[in-house]
Amino acid sequence: MNTQDTIPMSGFAMPQSAASPLKPLGLGLLVAIAYFIGVPLLFGGNGYVLNVTTTMAVVSFISFGVWLTFAIGRINLAQAGFALIGSYVTAILVSRFGVSFWLCLPLSGLVAAIIGGLIGWPVLRLKGVYFAMITLCITEACRLTALSFPAVTRGAQGIVDLPLPGELSLFGLTLIPAFEKGARLPFFYLAGSLLMLGLWFMWLLDTSRVGAVFRSLRQNEDLAVSLGINIAKYRVVAFMVSCFYAGVGGAFFAALQQNVYPTSFQVIDSVYFMVYCFVGGLEFVIGPLVGALVMMVSFELLHELQRYQTVIFSGLMILCILLMPNGILSVLKARAARAKEASDA
Amino acid sequence: MLEVSGLTKVFGGLTAVKDLTFTLQRGEILSIIGPNGAGKSTCFKLISSFMVPTSGTVRFNGQDITGIGPHAVARKGIVRTFQENTAFQDMTVREAVLLGYQKDCKASLAGMILRSPQARRDDREAGAHADRVLDLLGMSSHAGTLAAGLPHGLLRNLGIAVALAARPQLILLDEPFAGLNSDETKRGVELIRKIRDEGITPILVEHDMAAVMSVSERIVVVNFGSKIAEGTPAEIQRNDKVIEAYLGSEDEEIGL
Amino acid sequence: MTQVLLNALVVGTTYALIALGITIIFSIMKVVNFAHGQLYMIGGFVVYYFNVVFGLPFWFGLLMSFVIVGALGIAMELFLFRPVMLRVKREEVTMLLAMGTAVFLESLALIVFGEKQRGVPPIATGIVELFGARLPTGRVVVIVVAALLIVALMLFIGYTKTGRALRAMAQDRDATALQGVNLKWLSAMGFGLGTGLAGLAGGLLVAIFAVHTGAGTAVSIKAFLMIMIGGAGVLSGAILGGFVLGVLESVGYALLPGSMTFLIIFLIVIGFLIVRPHGIMGKPWG
Amino acid sequence: MKSSGIKVTLLVRALALATTAGTFALISLAQANETLKIGALGVMSGPFAGWGGVMCQTSKTRAAMWNDDGGVAIGDKTYNIEVVCVDDKGDPKGAQTGAEKLVSEGIKYIQGPNTDSTAESAKAVMEANGTINMPYAFSKSLYKAPASQSILGMVASYQVGPVIYKWLMDNKGIKKIAFVCENNADPLNQRNEGTAAAKTLGLEVVSDQETYESGTTDFFPVLTKVIGTSPDHIVLSGVNPSDVGPLIKAARELGFTGTMSTETGQDPRAIFEVAGEAANGFIVAGGASTEAIRSDFMVKFIERYTKDWGEWNDVAGLYVYGPEIIVQTLQSTPKALDDTEAFKAALDSFVGKNPFLKEGGELKYVGRQDYGQSRQVSVPIVVQAVKDGAYEPLFVGKLPD
């Protein structure tokens, strides 16, 4: 590889990757090692820790989508709605038609993305609070749709007792063995793989030309369009990718919980997906992961407070916004920058 | 190159642009002037398709481009700049200029994300082009500066640089000299000539009469949305209608 | 059918009252107050405590609901929203802050007020019959008071010095500052007025409905629907939005199977916003 | 001076001795009583916080009473009961995490969750770990084979509904019945079950499609249509406690004169406070704390609950059966402390005493008729009517085996 090849990459790399002490690849590797080796080694037998980690991984996977819609300057509260769509696609295909979960997983994302594209095309013309509100309506509409059409969704009864993911084989070669009842590690590794893939793709997207276009949409749509950029197309692409993430995440949870109800994903979930992005820091690809990690782990740690758990948790959240209004990572970045300045001087 | 005929825009009951007709030859420097609120900026928005005219047509290189949408117009080769300091605030100068090249990238969406060979070629070309543009505007030393940290004059240049990066045939400059001091204006005038020499035809909407008179080869004067005069700077300075139109406003503006 | 229209009138009036507070805060601060429903709920509990627990008159409790929740709002503005708004890179953070406040107030209320639903003794008894439709006297009193409050607020905003300053600030913060108006005081004041109205709505409506600590989120979501229909940040739009939602809800429940009503309302709102992105009377924002 | 110095020294010595003795006493007490942890997993925050919050408080109160009495004797040891409450936020993800948390603490017996979706999600964890839980949710797949770990902790709406409707037909002569419920999974299911039961009994169902959204403040619009069908009786299926009062009040204000009922436990004072006299005669199934039928022990429990949590909630009278029957079963089968298989094996034969009813009676596991296996607590079907902020019992029924 000649040096010229690397120039364009650095041209669009996120500003912080240069300032951060860890290069993105190293950071990714670190996260992967911590997840795939560190957690099982330390907590392999502890179903609770594995479950929290698994949930955290996929919740941050879904939040990446919200992060991407933030990148184009839209506040997206529809994510729970599309996760619900993903859950139902998998649940219906698996329970009615016996389709393999491994096929359903990407398919759920695809269906969510297509529906997202159809809804997104007109809706994405809205900005600011109007977009936030309309996406909140979409989440509610998804729940009510699931309730109102029992012929397809079994309505209020939910779809229960979904089988665990079966074997995935290609030409007789077993790639993934069937999940066994009660085994937590398969779901844990699946969640980790999704997280890593999701993070990797987000990073690729963000550091590519497309990522730069997305950021330009947030900063000034008029200027972007004056340069011949088809902003409507890029907006829909960003939204569809976001919905894809939601759909895949929803499908995962349907399999993990072995059921889906209209209440499986609600407005409050949409809110939390958004919160994770903020708490981590909107400028950073890894922000949703950091946000979800900090928030979910602190909620669990506050359990000892019993009935004061939620009030202290939300109090801490407010404090967190007060002290770090631009997210945890922005504080770390500023500190790293100061340290660098000091060492340079 | 550009033919505007019978262009009219009505907002509610108000006619902002009325039956405006003019043509532009490749390589000439044309300015549109007029008192405040005369409809100059609306005219730009109509040409660049940020607004759809009530009636009339805009033809570019013989093609009808009326109301085809701003990004489509840009792809045909007409790029506009903005009044004030419109920029991508959180991007560095070089990032913004690289983005200007976007419409000429040949790689597919997936290719761009996954870094296909075509995307890499695009990026290399974009990089080379960006360097040329920055060099042309004398901004190479600011390539790594965030737009939000640029001084006023350079921010204006950045706007032009981004537009140039989109490789237009025709560039619409919306008040390129507003808020600049006389030194900066002088450099701006030179810059516009340089742009023209690169083979890009500029049109200006401007208030700064001295600058307009020195840079323009032809001037169109509008008032209350209609064209009241057209000619060389010398002709315009002598035109009674123009003087009358400007009497209501500040005299010094016409630079007599 | 008379009953349906009468229902729409009552629901619409109460909704308009709910929507006013949230729209005031939005217009002057550009903050979507997700905690609106929780403040409404606290207003209801304030009245309950003054009226039932302390045995004081209902109307005194109502006054206190405005004062206490208004003061809470001023504190929120001073200690939460202002410091954050000064430092954020993205405006959206205020929305998140409001959401956090909503969860905080709700869980705090659960500890302080308990899980039960609360009501106050009826402020008026008896039932008025109108063209075969039934309208309890309590509701008549409440909608008359609500209507008076709405009119009073419109007069306040339209004709007093403070009201005009608030309106000016909603249009252009910087220009208002130039006219020598103390912006800090004014925005805290406006925020307090908005939350006070939420408290007032909750306090008034507890007289005919009931209140419990979990009621907030649903009220907030409905308030958002109203201001979106009417147009965010426009007072008359909020009132109109409240009535439109009231009519949609009442007529929807009368004509459609229950489970479809709100699905259709949501779809109508989505469709409507696509066609008219800024509501009936709203101005572009974003 | 000197003598006082000696006195001080003596005092210090005496204090030290006392402290040491006390410490020893504490240690020996701790040695005598081991701790048995019981979980409570439910929704304790958000709009439905009432369900799980009261459940947690109930179990904690019952545990405190046991511990004050010196603990519970199981086998040859005495145990102090510790209740670990986990808030699932009404979220299926939270329910799974919460269940795993309780399991990781070595807990084998869990009360809750409170809704279908959370109970179904916790089920996977229960089945995989052999943990027993006691949901307050009616989804039948929780209790039917192949599921085996969940025991319904209350009377299901589809069990009590027909009993109430039959009684109303016989005693009040009702013929036309209407159902109204919140547009949400659990209530809708209960409505569907109720409708089916009413039809079987030969009642005419005049309205069964009307629902309202969670958080509705004004029930006039939805009830106008229901009452327009002129029913004799209205069932509020699976109604959230926060909606009961306003619903009754609205129905009466709209001129409805028939009877009304619900199948889920409610607090009579809260209803009365909101609906006033309109609440009188409202029929509720559940609870076992009604004055006329409660035992002295129940009175003591109510006192303790009121002392600990400020205000009595009648729903606690239902939740208290959970820890009671778990502990009694463990006492009868000490092996089940570590082995839930032994617990399950004892379900068919276990017979305990109901301490909460004045007349006593048996406490056992039923449900063979509805679920094909003993996966339900034999909570008495107490049907009662609201009367000025309290309940008066109408009749007490029994669950079928």
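Labels for the chains are A, B, C and D, by order of writing; each one numbers its residues from 1.
Keep this in mind: contacts are C-beta pairs under 8 Å (C-beta built on N, C-alpha and C of every residue); 3 or more make two chains touch, one makes a residue touch a chain.
None of these values were measured; they are calculated from a predicted model.
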item: Chain of greatest Cα-centre distance to chain A; value: B
item: Centre-of-Cα separation between chain D and chain C, whole angstrom; value: 35
item: Separation of mean Cα positions, chain C and chain A [Å, integer]; value: 33
item: For chain A paired with chain B, centre-to-centre distance based on mean C-alpha positions, whole Å; value: 41
item: Where chain A touches two or more other chains, by residue; value: 144, 147, 268, 307, 310
item: Contacts with 2+ other chains: residues of chain C; value: 107, 110, 217, 221, 259, 262
item: In chain B, residues with contacts to at least two other chains; value: none
item: Chain-level touch network, classified as line, ring, star, complete or other; value: other
item: Touch list for chain A against partner chain B, complex; value: 4-5, 7-9, 11-12, 15, 201, 204-205, 208-210, 212-213, 215-216, 219-220, 222-231, 237
item: Sites on chain B touched by chain A in the complex; value: 48, 50, 70-72, 74-75, 79-82, 86-92, 94-96, 98-100, 102-103, 105, 107, 109, 112-115, 119-120, 122-124, 126-127, 146, 162-163, 165-166
item: Contact set on chain C toward chain D in their complex; value: 3-4, 7-8, 10-11, 14, 52, 106-107, 110, 114-119, 121-122, 127, 134, 136, 139, 205, 208-210, 212-215, 217-219, 221-222, 249-250, 252-254, 257-259, 261-262
item: Sites on chain D touched by chain C in the complex; value: 45-50, 53-54, 180, 183, 188, 209-218, 220-222, 224-225, 241-246, 253-255, 267, 270, 273-276, 310-311, 313
item: Residues of chain A defined as touching chain D within the complex; value: 46-52, 55, 59, 144, 147, 155-158, 160-161, 181-183, 253, 256-259, 261-264, 266, 268-269, 300, 303, 306-307, 309-310
